[in-house]
Structures are given as structure tokens and as C-alpha cells.
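Below are the C-alpha cells for one structure; questions will follow.
A, B and C are the chain letters, set down in written order, and residue numbers restart from 1 in every chain.
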């Protein structure tokens, strides 16, 4: 298998995007579009002046009939000539993704549902249920604090019936510096009481780790946001090595933990995947946001990590360009990285092809029991 | 624009070195020179045995009429044949820097003043005022503790009349793990009392964060030393993500914060610049010290960072070789990095040329309101 | 010196492997072998699915008469046809290592002794004595707590008579977040009392830092495990910058500290080596485990580090493939990195050759006073 043959093989891989969100429901004007291609929640200079912005001009423009690297203005003009569902269909049908695992816990009203994404893309979709959102839902509907623990379990059971995974955003709400032990029922009730008294955002560390333990006991793969995200987190508190003792304690439960995104802690994630059999990770979101640097970052994630413990995701949300770009940049990056190992004589072409398939698809098939 | 054309374009860019110090006043013997090409404050084996040492032999030797990569002995011999101001003129007039922003708060007696640097270089110079040095000055001249807060404000007002920025070295004096809130006048007075009682080095976290808040209220861009420096700091305490909550709190003031150097936390700096509209950063000092590795490190800084938020500086202090080397290595590095993106087909040549101009000059023009 | 000549020069360098363990005593079946090519202490999918696994197939297969990159099965079949001491001889005599510095403090019964390693390899061997193991030995033989401090000093004196260095695994037992001051005799006795009362694993921070101080007072180079290792440590607690204040305090003792492995904190290690004259480091274990990525990681370690402060080690333990692979991957990596600097015109070929010799051999000769 030559480099070209590897590129062909990777281009034809049917990917599983194991962590993604819906595409935008309504039309996106320039301001809305620019706000969705940054993780910042603040107004900024043009967000096209970034690796992601250049990558959109480079890789998405041709799908709208434009030359690669046209100006942002020309790109947005072409984009505005199509309606959002037509745009979604164009990009989603070009991703080469057979299965999307959709996190429905974030701004679900702004983006398509799990079923709508399936219709637009022609791919299979599966749900990933966000723990914090479910507790918030229960709290809105259950006024009796003492009934919340059972109500939450019941809610989780019903919500996860057809789901393939769980997700936690404890990284945003508290960071990973929490007590690794499982809280007692009494601790949980006290914390719920406190929370019910003011009903501010769910950020109580007792409740958050109760969710983590409850999620880990559920048995489905548990996805954790790690590292890079918006300004609402403090990056150093999301270093996944802070999870070490908690990972040791939940190991006997047999639940798989999947660290998402991980930048700039992807080497740390690789270490955890190396030493713990129940830890996997991806470089979703990252691969897309770093654009022309995707291969370098991806390669750093392939140092200590066993090749059976790395996954593909886009973490795309909103414009379908992101769903497409995640897949496209990952394909370019993995080809460059593994093709580089082959070119240096360090790997065989067969090794490269097989590992690309593990990361792009087969590890997710095994982990989530889907896709076949 | 071909790679060669990009290199030409970058070679001709008129840079703004937005954080620098003066050049050495007196002659430098071998020991003094070697001590100034390391951040260590300890005696060492030859400091030429380092990336910076090799870079001096590689890039500075030709300006003294020597072959690139002559021995350190030959280099020092040629150097010793010229007086320091002649050396300064040789290197300073070759930097292609139109404007120097000069931090005058460190060992100002050993190096040229803001005006002298202008004369030697033929470039414009502007002052950056160091907050800690100004409070130390006030403390030397004001014996009444209760008068210090007003005296400091008055001093700051007078010192910053012609200045373009402020600088803090809280990274050295305490690290970034300080209480992010603004201290009350009572807290400040108590802390001043404590400090006046022993007059040791200014390292009280209350006073340091009072300086930061006062600096942020002044409105001028506020430069913060981040990461790599001499043995006087503890590196992990200078991780800029520790500033997150403080950055959130000063955001309403509208002051721009500029993170300096940042190694090995330049990816973290890129994240902060990505999510906060009032955060920029550079890889000054770093680009110079890592020598042949400058392109790699610079590229890591260009992953998440919006291109309007990255600046050029040398942080040179002492031998004018450093002022020259900062600019020269940055030009080589940015050409290699952006030219590489173009060669891979990921960026257009025009993108590369424009982003080089933003980082080398235009972002500083906008941020500091200088240079035009 | 062309790139080929540099490769030849590096290939012929007589290395000093300044931190290594013995080779396996008994035969290794597939399960045992796979468990020894991972740092995980948990059962896993095939550990051949990793950079180290591919590197074994790539670089070790030819020494067993196989094609590079044969399958793991074919490799293991060829391996099983030879007895372990024959395998050891094959790989050890191909390393080009003149001197092994052997850490005897870990699972010494499973691997060859210092003398046996010399016999199998035909190289010189020297002992590195592990501080924690010696205190555990004393505790097994001395029931009177008050006699332990003197007994430990006597034991250390006798054990280090022919030794060339000391080693500490405080990274595993507590992490580097310990009080940097030397504990008093009273503190040590209290801590010993506490430890003697339950005799669990030696992880008391008072005792661990007493060992560090005692080791530093002994004067021999003191090796510290840093960063990546098995699941028994918490990675972020092994960031070597946490040692800063302790390094400052022991500096007057004149003892050299050598940071081992360091991944992913090798840039931090380079910073410490830059600012502290008594700090050196290596990328042992790392270079081997990251396989095809070795050059990239090694290059990151050569940014701030003075070239007189970087060493070579394998940290191999068990299968002699690892002793061979450490040397082989280091040679490939250093050739690629330094040859790259030469190819870019940033270094002279002579610089590259000399620095390879410093790192591979001469720095260890000077530091440990061996090998000549």
C-alpha cells in the first residue's frame, strides 16, 4: 500500500463519529455563523481569522462549487444562497460517516434531533444522554428533594433505553478535582437540599460526582468532556490525570470511560489509555479547530496510547460544515501521520491501514456495540 | 506567492518588537556575555552549548564578517575587537524593527535607556512601565504607609504619560494562584504595613494583585510575564490558565492583557486568546532560546489562537545579538510554518503573507495604537 | 559530515545507558512478554498494538532472522524457539552500549543481577542503589525504631561503596508535592514509629523526603523517576517543576540530580536543566515507548536544555529487546533531529556529531565518573 493507496483507503473508511451534536435548524446569518465557528462565547474579531476559518474556506468551499480558499465573504455569500437544510444535506452526505452518536444535552432546541440528523444525513444515529441535563430535568419536575434520587434513576433508565452512551460535563461545572469516592445517600440529599434552595446552575461537586458514579454504574460507555472548550471552564482543572484515583475506584464496575477532545492534555489522555484498560479517548473538536495543525496534534495522541483505545469524533454543533470538516481533517491527518511512519520505514502499510480503521471505526464498533 | 516570495515578504516586514529591554551599556567580556545568553542566574558550563549559542554562531557571525557557525572562540574574538556601541549599531540596524516597546523595569542601569536605544537603532522606541518597580520606587520615597495608595496612583499617572503599556512580573513574585478579586483599601493598607515593617522583596500577594487591578484600571495594555524565565520562578505556578477567573473579572474594564513568552504554556495561551476577547500573547524569549526549534514551537502557538491575537517580541536584554536574533529567528520560523501550510495546500499564499503581517506588525499597531 | 556520515557516527557511538534494569531470567511466554512491553499493570488487549509493539516488530525482528515488521505471531514464534539467555545475548551484544548503570531496586529476583548483565552483554555494569528499597530492607532487619536512622546510614554507606548513583521513586510513592525542607530527627522518628505500626507500603512523605535529603547528602548523582510510568502514580503529581524549591535548597550540597524519563514533562525538565547547574535529565523509557515518534519527543527535550545536561538511558526491564530497542530508537531519533538541524542549515555537521556524543556518552562519563 503506497501513500496514495493509504489515502484512498482512509478516504473510503466508513467512519463512526462517536460524539457529535445536531446541525443548525434555522438559517445562519454571518454573525450567527461566525459565532458557531469559535468556542468563545464572546464577540470577537472575525472568527474566520483562525485555523478553523481557513479550513472552512479550504475544504468546504469546493462543496459549494467554489475554489478552495476563496474569501470568507465569497464563502458566506455562496452559503447564504442555500437554505440551511440544503447545506446540511450537502455536507452531511459528504462526510462518509455511517453512524453518529449524538449528545442531545446541549442547546437541543437550536439543532436537529437525533432522528432529524438521520434523515438529513442518511446515516444511522444513536443517542448519548447527558447526565447533568437529566438531573436538571428531574429537578424541574420533582419538588420533593427526597424523591429525587429514585426519580433520577428512573429517568436515567427510561432515557438510556435506546441510548449507546452517557456524557458528563463535570469539567465545565467543577473540574476534575473532586473527591473520588461515591457520595452516600445522605450526602446527596443534603446537597440536593442546598441546590433546591437557590436553583442556580448545577455545579455542586457532591451532585456532580454522584452523577458520575451513577453513570458509571449504569454500564454504558461514559464520555467525559476533557480540556479545550469555551470560556466557562478553567483549563488546568480539566487535566484528565486529576481523574486518576476516580478511575481506579470505578475500574471494578467494568464501565468504559471515554475522554473527549483532550487538548492540550492529549498526551496525558494517551498515558491514561495506556495504563487503564477501561479508558479510551479522542481528539474530537481539536482536530477540527487546529486545522492545518491537525496531523501534528493527532500524532501526539498516538505516542503512548494503545491503538485500540483511540476514537474518532467531530464534536460538531450547528453548521454542517463542522460535521464534514471533522471527518475531512481527520482523514487528512491520519493519512499524513501513519503515512509518515510508513515513509520512514517504521510501520508497514498494512499496519497503517489497519490502525486507521481501528481509530476511525472499529474501536467504536467494539466499545459501543454498534455499526457492525 | 511562492515560498521564496513569502520569505521575501517576511524578510521585508517592518516588525514591532512589543516587549524588549535595552542593549548592554558597557563592554562584555566572555563571562559576562555567556551569562547574558542564558536565563540561568547560576554559573554553568559554556552557555554556547545550547540552541541559543548555536543560533548566535549561525546567524550573528555573518554580521561580524565571519562564516556561519564559526566556533564560539572565533565569534567572541571578533566580537571583542569592536566596542559595545558599535556592536549594538551593527545588530540593531539589521533587525528590520520599526518600533521597540521597552520594558524599563529590569536592571535599567546595565542597559541603554529608551532614548539611547532609539539613537543606536534608528527605530522608534516607546516605554512599557513595570508596575512592581513603580511601587518599589514609591516605597523608597514615601515613609507614610497611608499615603502610598494615592502616591502610587499619582506616580503611575506621571510615569505612563508617554508610555504605551504596563508590565507585571507577578509570575516571578508569587505566581498566578492569587485571589482574583480586587483588594479593598483596608487590605492594601494592612499589606503595605506588613511590607514596610521588613522591606524585603515585594512578593505580598495582596499588593501584587492590587498592582494588577490598578494596572488593569489604567487602561493601557497590560503585559504579564508567563512561563519560562530564570530560576527565581516556579514554572507550574506561571501556567496562564490559573489567571482564568481574574481575566473574567477584569474583562468589563476593557483593558487588553498580553501574555509574554508563555513557553511551555503557549498552547494554554492560545486557548485563552481564543476564548477571551481581551487576551493576546507572544512567544518572545522562547523563539530565541529554542533556536533551531523555533518553527515547531511557534506553530504550536498557532493552533487555537485567533490570528489577530498573536504578537512578535524578542524580550532581548543586553547583547544586541539578542535583539537581532529574536527578529531573525521569528522571520525564519514564521516563514517555515506558514510556508508549510501553503505547501500542503491548506492555506493560500495570500493568507500566509497577511497573517505574517498581522503577527509581526499589525496586531501591535492596533493593540498599542502606535506605528501606523 | 553528511546525513549519512552523521548516521554512521551515531551508529558507532559507544553509548552509556545510565538507567536500566536486568534482563529476564526465565523464559517468557506470550502473556508474560506482552505484559512486559507495557507500563500498564492491568491485563489489556494485545500490547503489540502500540508504538512499542510495532517498534519490536520493526527493529528486533531482523536480529532473529526475520523480515522487519513481520506479524506479532511470527515474531513470538521465532522468539520462543530460543532460550531467554540466548535471546539476551543476541540483543545485548547488538546495543553498542559500553556501560550499563543498573537500578537493582525493582523486582530484582525476576531479572539478572548487575554481574549477570555484564556477563551476558560483555559490557561494563555499575550499580544504582534505590533509596526506598534500602530503607525497606533496614526496616525488615531492625525492630528498634530509634536505631533505624543510624542503621540506614550504615546500610547506605555499605551498599553504595561500589555504586555510581542513587535512585528515588518518590514520584510513585507520594509525588513531588512534598515539604522541601529537611525533616528533623524527631520528625523522622515519629514518622518511622507510625510506619512501623502498620508496615504498609513506604509512602510517608516525611520518610520519603528524609531519604531524598539523605541521598542528596551522600554526594552520588541522585536519579529521580519523573512522569510516565505505570498506573500506580498520578501523572500530574510528578511534574518536575514541583521540585523547584527542593532543588534550590539542596543546591549547596553539590549533588547532581538526574530526572528520568520525564514524559510528558520533558520541556519542563529542559527548563530545570537550563536554570539549575545541578540538574540533568533523560528521555529514557519514553524514547522506547513512543516508537516512531521518538525523534519528535527527543527534539522537544532539546529546546531549552543545555547540551551538557541531557543523557541517554533505556530504562529497559525484562526482555532484552527493550535494551536493544532503547539504544536503536535513540540512535535513529538523535540522527533525525540533529541531522534535521544540519539539513536546515541551522547547525554544522560537527555540532551535530559532538552533541550526539555528549548526550549518548560523554555527559554520563563526566556525571558519574565512569567509562572514560
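Convention: contacts are C-beta pairs under 8 Å (C-beta built on N, C-alpha and C of every residue); 3 or more make two chains touch, one makes a residue touch a chain.
All figures in this text were calculated on a predicted structure; none of them were measured in a lab.
Visitor: Through what angle, to the nearest 5 degrees, does chain B rotate to match chain C on its C-alpha atoms?
Guide: 120
Visitor: Copies chain A and chain B touch; is their interface built from the same residue numbers (over half shared) or different ones?
Guide: Different: when the shared numbers are divided by all numbers used, the fraction is under half.
Visitor: State, to the nearest whole Å, the distance from the C-alpha centre of chain A to the C-alpha centre of chain B.
Guide: Taking the average C-alpha coordinate of chain A and of chain B, the gap between them is 37 Å.
Visitor: Chain B: which residues touch two or more other chains?
Guide: Residues: none.
Visitor: What part of chain B is in contact with chain A in the complex they form?
Guide: Those in contact with chain A are residues 239, 241-242, 244-245, 248, 267-268, 271-272, 274-277, 299-300, 302-308, 341, 344-348, 351, 355, 358.
Visitor: For the complex, give me every residue of chain A touching chain B.
Guide: My answer: residues 38-45, 47, 49-51, 54-55, 58, 68-69, 228, 230-231, 234-236, 263-264, 289-293, 296-297.
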